[in-house]
Amino acid sequence: MLHTVNKSPYCSDSLRLCISYAGKDDAVLLIEDGVYAAMCGGNSEAILQGAEVALYALWPDLQARGISEDKLVDGLKVVGYDGFVELAAKHSKVQSWL
Amino acid sequence: MKFSVMVNEGPYNHQASDSAYHFTKAVLQAGHEVFRVFFYHDGVNNGTRLTTPPQDDRNVVARWSELAVEHKVDLVVCVAAAQRRGIADADEAKRNGKNADNIAEGFRISGLGQLIEAGIVSDRLVEFGD
Amino acid sequence: MPTVKKMMYVNRRAPHGTGYALEGLEVVLIGTAFEQEVCMAFIGDGVYQIMQGQDTRAAGMKNFSPTYKALGDYDVTRLYVEQESLSERGLSVDDLMPLTYEDEDDDWAEKPSVQVIVRKELSQIMAAQDVLFNF
Amino acid sequence: MAIELNGKTYETDEEGYLADLSQWDEEVANHMASEDDCELGDEHWEVINFLREYYEEYQIAPAVRILTKAIGKKMGKDKGNSKYLYSLFPYGPAKQACKYGGLPKPTGCV
């Protein structure tokens, strides 16, 4: 399953819930304000560190928010919309943690 | 592969419609089929042709219309959600005694069954919202 | 459309502050006409949707909470409520509406639709679905 | 649009549904039916009253298949089928019976 999270981890429990629901073959893609969780040094890093899933963030949304690649947490991969489509196609379904 | 997309927020206040648009385009570019884009909740507000954004910003509604015209993407606005929010085509306006309609080109108004059908027929349903 | 898919309606929002719950419930009811294998999940603030004693008269809004009681008639018989979400909010199953259905295969015996299960179990049920709708 | 009846005014929409559901009474139901060349007998009222009770309890008008199932359970199999309901309400039980019964207009979903 591919999970998407579109909210800042500082205003919503979506990321935390998503990570606790995601199985180890799943992927989590951060989009929109969800990409703030991809920045290192914040409190949200602890949530991601506990995750066994593959982590992705959408680069157009990172760029729009001024989050450069050197500020990203370890192990997170950056994808574009083409990568988003690939992830959605690769996994059997998509769960949007709106 | 067959994709369907659901859009739950209106234009400009929330990024959902932008994300859904870029995703839908990327689906087409990857050679997949887009079975339907379904607009629900405040997402029905993406379907009014009266939208007039400033010239230095993107035109979210016109962009969806172009996608419908150029790629034959089926853009469906939920009738129940549209009635609540004042989105109408000519038939709906007549049925409900309104003196105007505002549906944008390429969009059509239909029932919630279209969403369920999209869920059944498509290989993937991807939702964008608040 | 001969295919029968497993569909889960994931409800994560409180009922009256926004319209998502009401319009989400409308999808579930309409969706039953397609005779798919459906269930609902109530997670996070979604558990507030089926809390007992909702009365919207003074707030001047439509009270759609009684409509959840019709789900049994519409053959929506599996309502999963996440235990952790209830506990975090100081709620127990007694705070929820007693939603039931009549079991056709058991001489129309009345049975509870609500099943309180832990997150781990709910995540497995979610993983077994074909389509997920979020409201 | 409006219906004038016994000195009362009932506002309606384009298709004749009551604008204010709390105004509903049996007189206006009979009047709306007569406008459609339909006379409401006991069998019609059985269905209308059932719909009103269902709406009161659940705050929705039931889908036709739910209505037929529930009517069949309550009033017997000979009435719990769409043929019987359509014989009473030829324009469709959901639309016509809801209109006479003072229930909201179906949105036209599905």
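As written, the chains take the letters A, B, C and D, and residue 1 is the first residue of each chain.
What we mean here is this: a contact is a pair of C-beta atoms (placed from the backbone, for glycine too) under 8 Å apart; a residue touches a chain by one contact, two chains touch by 3 or more.
Everything numeric here is computed off the predicted structure, so don't read it as measured data.
Peer 1: Could you let me know which interface, A-B or A-C, is made of more C-beta pairs in contact?
Peer 2: Most contacts of the two pairs: A-B.
Peer 1: What whole-Å value do you get for the distance between chain B and chain C if each is reduced to the mean of its CA atoms?
Peer 2: Averaging C-alpha atoms per chain gives centres 27 Å apart.
Peer 1: What whole-number Å value describes the gap between the mean CA coordinates of chain A and chain B?
Peer 2: 25
Peer 1: Any idea how many Å lie between the Cα centroids of chain A and chain D?
Peer 2: Once rounded, the distance between the two centres reads 51 Å.
Peer 1: Give the residues of chain A that touch two or more other chains, as numbers and ranges in rising order.
Peer 2: Answer for chain A, listing residues that touch two or more other chains: 93-94, 96, 98.
Peer 1: What are the residues of chain B that contact at least two other chains?
Peer 2: If we look for residues of chain B contacting two or more partner chains, we find 8, 80, 111-113, 125, 127, 129.
Peer 1: At least two other chains touched by the same residue of chain D: list those residues.
Peer 2: 109-110
Peer 1: Kindly provide every pair of chains that touch.
Peer 2: Listed by label, chains in contact pair as A-B, A-C, B-C, B-D, C-D.
Peer 1: In the complex of these two chains, what residues of chain B are touching chain A?
Peer 2: 1, 3, 8, 15-16, 19, 22-23, 25-27, 29-30, 32, 124-130
Peer 1: Mind pulling up the chain C residues that touch chain A in the complex?
Peer 2: 10, 12, 43-44, 119, 122-123, 126-127, 129-132, 134
Peer 1: Report the residues of chain B in contact with chain C in the complex, numbered from low to high.
Peer 2: By the definition above, chain B touches chain C via 6, 8, 40-41, 80-81, 111-113, 115-117, 119-121, 125, 127, 129.
Peer 1: Where on chain A is chain C touching in the complex?
Peer 2: Contact set of chain A toward chain C: 1, 13, 17, 20-23, 92-98.
Peer 1: Flag every residue of chain C that touches chain D in the complex, lowest number first.
Peer 2: 26, 29-30, 32-33, 62-64, 66-67, 69-70, 73-74
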